[in-house]
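Dropping the structures in below, format is structure tokens.
Next come two complexes, and both contain chain A; in the first it sits with chain B, in the second with chain C.
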Partner chain A sequence: MVETTLHNPDAISTAEEARAIRLTRARRRSRNNIFRHIFLIICSLIMIYPLLWMVSASLKPDNEIFGTLWLWPSEFQWNNYVEGWDALVVSFSRFYMNSIIITVLSVIGNVISCSFAAYAFARLEFNGRNIWFSLMMMTLMLPYHIVLIPQYLLFLQLGWIDTYLPLVVPKFLATDAFFIFLMVQFFRQLPRELDEAAMMDGCSPFKIYWAIIMPLSIPAMATAAIFSFIWTWQDFLGPLIYLNDVKDYTVPLALRMFLSQDSVSLYGEMFAMSVLSIVPIFLFFVIFQRLIVQGIAMSGLK
Partner chain B sequence: MAGVSLKSVNKKYGTVEAIHSIDLEVNDGEFLVLVGPSGCGKSTLLRMIAGLEEITDGTISIEDRVVNDVPASQRNLSMVFQSYALYPHMSVRKNLAFGLSNMKMPKPEIERRVADAARILQIGELMERKPRQLSGGQKQRVAIGRAIVREPQLFLFDEPLSNLDAELRVQMRVELAGLYNRLGTTMIYVTHDQVEAMTMATRIAVLSNGHLEQLGTPFELYNFPQNRFVASFIGSPKMNMLEAEAKGGAVELADFGSLPLGDGVSDGSLAVGVRPSQFLVGDEGDVHASGKITLVEYLGSEMFIHVQLASGRVMMVQAPGHSVYKLGDEIRLGISRRAAHYFDSAGLRVPLFDKQDS
Partner chain C sequence: MRKFLAKNAPGYLFLSPWLLGFFFLAIGPIVTSFYLSFTKYDIATPPRFIGIEHYEYMFVWDARFWQSLKVTFAYVFMSVPGTLIFALAVAMLLDRQIRAIGTYRALFYLPSILGGSIAVAILWRQLFSNAGVINSIVELVGFEGPYWLSDPDYSLYTLVILAVWQFGSPMLIFLAGLRAIPQELYEAAEIDAAGPFRKFFAITLPMLAPVVFFNLVLQMIEAFKTFNSAFIISDGRGNPLDSLLFFTLYLYNEAFSFFRMGYASALAWVLLAIIGFFTAIAFATSKYWVHYENERG
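And now, the complex of A and B:
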């Protein structure tokens, strides 16, 4: 029996055919792979070029910045960083301080208030829950520019113009529907039996949130924190409208001041400061995205 | 320890009635098992006792205290969930201690209770692990541990073993029974596994569609099912039902012929139920029928034979494992009138031979 199958000429030719097909497939696959990689590398170069350009511009002598597309500076102007820091009427130390205060408060406010609201929508029973939820979701569709003027008038009435209050207080009032939605979705996939077990263990709704839901939602919280950080840190319009005193300016507003000055010679310094302004975002992202991964591993939820 | 008493308890989800006015007395120190098909309301009933679900109508009392409006944590009971519901971010020790520290119990007392539970359930080495590092059986033990550290007067279990594989289920069943014997606390246990119900229960409550069909000891339920639902639900394989007509003190059975039942039976339709183990093979019994074997299921210690009678009806017959029945064999079955169960047209038990039996 074995003999016949082994020496069956048909069997051999089928085996060879199969190997030939496998080989052509493998060849085609590796060729495809090469093309795919080349394509992706080109795409990512295109994506990253502006960033590289900015970094290189921050190191170039002023006359080279717009003159050439070539990225490598003829001469490294590290001085741009030193001079840029104090080039404006107020030092960048101050601008960073302002930005950090606003951003940190906003992140804390957003994470706390939005997770409260999300917990209510995901777990508590109250009248008109679905209606409130859809109303909240509708605010996602409203462009910021539409609410800008009414909001400005409101804060004017409150006498909050020229303070950080309009930039920070709303963050503590769960105004960002996107984060609430993100967290509601996350909370909903936590098993309800956990809440019930906690309830039997004598937890109040707040304690359930605090001791069970929140520790298990670190990935969602970290995601919200990252987005909240990025959006607040790079927010230009908000500070532009509500802040008038240069001493209160945030980093993006300060960068803009380089342009409003008459002298053209500060481009290098401006790009140097622009590069520095990305560093906090980068650091924050690196730290918090690790929390996302850790959180998912820790919860061990299937 | 405490008894539980349900008085016309009713539950509606919107307009759908999940529980129809159930009365149930659970005695102090009893192991009561709730069984029934999927969706019959077992979990709902248990969750109402636990306080996780509002009751629409009626009263629930635990140890003579009406608890309708008492929050779950103050009913002095513990519940073990089907999915265990261990807190994934806490170690086993924290999982056990969490409820106690919420009650502001002094530290040494918490430690004593946690250590006790760990000893009873043999989870001492697992105390610092997180739930995700435990096997299914270990998680189950921790879940039970979390229930016993509270030293409640009532335990509630919602299908606690259904996520375990067959072997582990048997082992945990034995352990649970041991735990019950040791603690003597009242337990209410939901399952749809008959073996669990029959082996562990002091009494079983059979539910169907939100109605309480019968409440009784496993012996009563198996031997004196009060209606057709209980008769076919308890016992595996199912009881054979022969629809028939009673007339003049006898019942006319297809295939088997006329079975005299005495004066106690009134005319009208009557169903005769015979458990697979109650069929007699050969010439014993009061009426007989012959049939052909269409399937033999061999289980080792016993075998189940499907026998097709002349009318085409198939009877399930249990035979000892050493018998030699083969597919296609002719076999003669007998029914003894005293071993059969009788149900009237409303599906209720007609207690014809119960007295002599008991």
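And now, the complex of A and C:
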């Protein structure tokens, strides 16, 4: 297809024609751009409206939340945040503490264990490497639900139910194959001569990992850490299954309790706490936007 | 022997955390799950082998199983094409040297990153409630809004819309793909006086086919696994009238509300088979519609 369109006997006039077309395109583009911007701005507003609505609902008196599209509260109910924080049987201080502990440990676990595995796959020679690698790639496709029940039974046997261990220990065992894949891709781009030179100088594989590979891979580590943070912070199924005591609840489990409260009057508080729960994610997104965008384009992470 | 150790020890040492995880949290559980699916197991008493009884019951007698399949398939077949079409359309709008592209990209992507959270699921419930935002808009246009959350004919659309709202991540992948298309192709097409439709179908779409394929597989797997939002919006049980009984939700309830671990394991294998089947179809048909640049198509 390409060749037939390019196959033009008069090459010089084609080049001139191309230049002319480029000029008209540039002119047309600036005119089109205004419409394009208007259209895009409208689209962005529609996309963002639900989130703005949530923020506005968290600041409105309860009787203004429903039945209107208007976002500006007649008076700001900052109290929703104060009261929402202590609206449930256990304070949100506790829920945030729990979420932070689980998330921080998970991020550390993922970065350490996945970078270990990725280093082995990308840089070390050993028997059976290719087989292990393809097995690892196969677990990428595996839905979590297939291992969910046996994992639960295993942790039940170990007496780990109602502790954070089932949520954290797997992260130290590199169960998120996505991150291994991401890091392998990154490690492979680093020049091999570095390892070889270090090896000549008598560096151990661990020294090479720690002093050469890791410092050069900060963007990949950061991407893995960011996604690990976002996923763990929002994880719902894991805590839902393994945590039964309200005192151990994470923030998402706590938010769900607002729905079973049956009291209509807690809407403002519910939205206030919902907004707070996504603030950390939002901040991460704003600060690390470039790494997130690259991470997705590179590997299709969600 | 020493040579063998010297060669292999570092590799296996670094791989050891993953190997532990792979055996105890992946392969071990997969084998166990397969075995459990042929047993009756309620945790309190040891598993009892019953052969293929679960699978037989599932396919022949279990109306809720068929209902959960129906709901999940309807959801996948509406939300995946919807998401991909929006993602591609917006990506094409953004794929120019346009000002503030970073801001647009961020705004369109934001819902993707927040969409799986419980906060957004709770928000969605309220947007679609009887006096919620969506019905306010429907009334502005002059219609009477349906009971989105309590009418089984409408409830699934709330989740489809939630999925389409998160078109940001396939959009980013499309953007990267569009960047890779050589501009000369479009210039050549303009010399041949090709219109925008012709250019889209003759250049953009074929050149983008690998990316479309990638997004399609990824989104399909994600859609089959949908859980969080379905759980919150359907009160954890698939309400109203099982119209939101997603496959994952049915599985969760069988396992952790009724402790029918054997039956739930059988369900998990059906889910794996379905996802595997569609992934395989995508791969098998890909040679007819996906052409990679480095091969002759």
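We take it that the second predicted complex is superposed on the first by the 255 of 302 C-alpha atoms of A that agree within 3 Å, B and C clash if a C-alpha of one lies under 4 Å from a C-alpha of the other, contacts with A are read in each partner's own complex, and residues count from 1 in each chain.
By our rule, contacts are C-beta pairs under 8 Å (C-beta built on N, C-alpha and C of every residue); 3 or more make two chains touch, one makes a residue touch a chain.
Because the structure is predicted, anything quoted here is derived from the model rather than measured.
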{"item": "Fit or clash - chain C, chain B, common chain A", "value": "fit"}
{"item": "Which of chain B and chain C A:278 touches, first, second, both or neither", "value": "second"}
{"item": "A:199 touches, of chain B and chain C: first, second, both or neither?", "value": "first"}
{"item": "First, second, both or neither for A:125, with chain B first and chain C second", "value": "second"}
{"item": "Per-residue contact with chain A, leading partner among chain C and chain B", "value": "C"}
{"item": "A:94 touches, of chain B and chain C: first, second, both or neither?", "value": "neither"}
{"item": "Which of chain B and chain C A:175 touches, first, second, both or neither", "value": "second"}
{"item": "Three-chain overlay, closest Cα atoms of chain B and chain C, distance in Å", "value": "9"}
{"item": "Doubly contacted chain A residues - partners chain C and chain B", "value": "300-301"}
{"item": "Chain C-facing residues of chain A, complex", "value": "1-2, 5-6, 8, 14, 17-18, 21-22, 25, 29, 33, 36-37, 39-40, 43-44, 47-51, 53-54, 57, 65-69, 112-114, 116-117, 119-121, 124-127, 129, 132, 135-136, 139, 141-154, 156, 170, 172-175, 180, 204-206, 209, 230, 234, 236-237, 240-241, 252-253, 255-256, 258-259, 267, 270-271, 274-275, 277-278, 281-282, 285, 289, 292-293, 296-297, 300-302"}
{"item": "Complex interface listing, chain A residues touching chain B", "value": "191, 193-194, 196-203, 207, 211-212, 215-216, 298-301"}
{"item": "Touching residues (chain side chain C, partner chain A) in the complex", "value": "7-8, 10-12, 14-22, 24-26, 28-30, 32-33, 36, 43, 90, 93-94, 96, 98-99, 102, 104-114, 116-120, 122-127, 129, 131-133, 136-137, 140, 165, 169, 172-173, 175-176, 185, 187-192, 202, 206, 214-215, 218, 221-222, 224-225, 227-228, 231-232, 235, 248, 251-252, 255-256, 261, 264-265, 268-269, 271-272, 275, 279"}
{"item": "Of chain B, residues touching chain A in the complex", "value": "50, 52, 71-74, 77-79, 81-83, 85-89, 98-99, 102-103, 130-132, 146"}
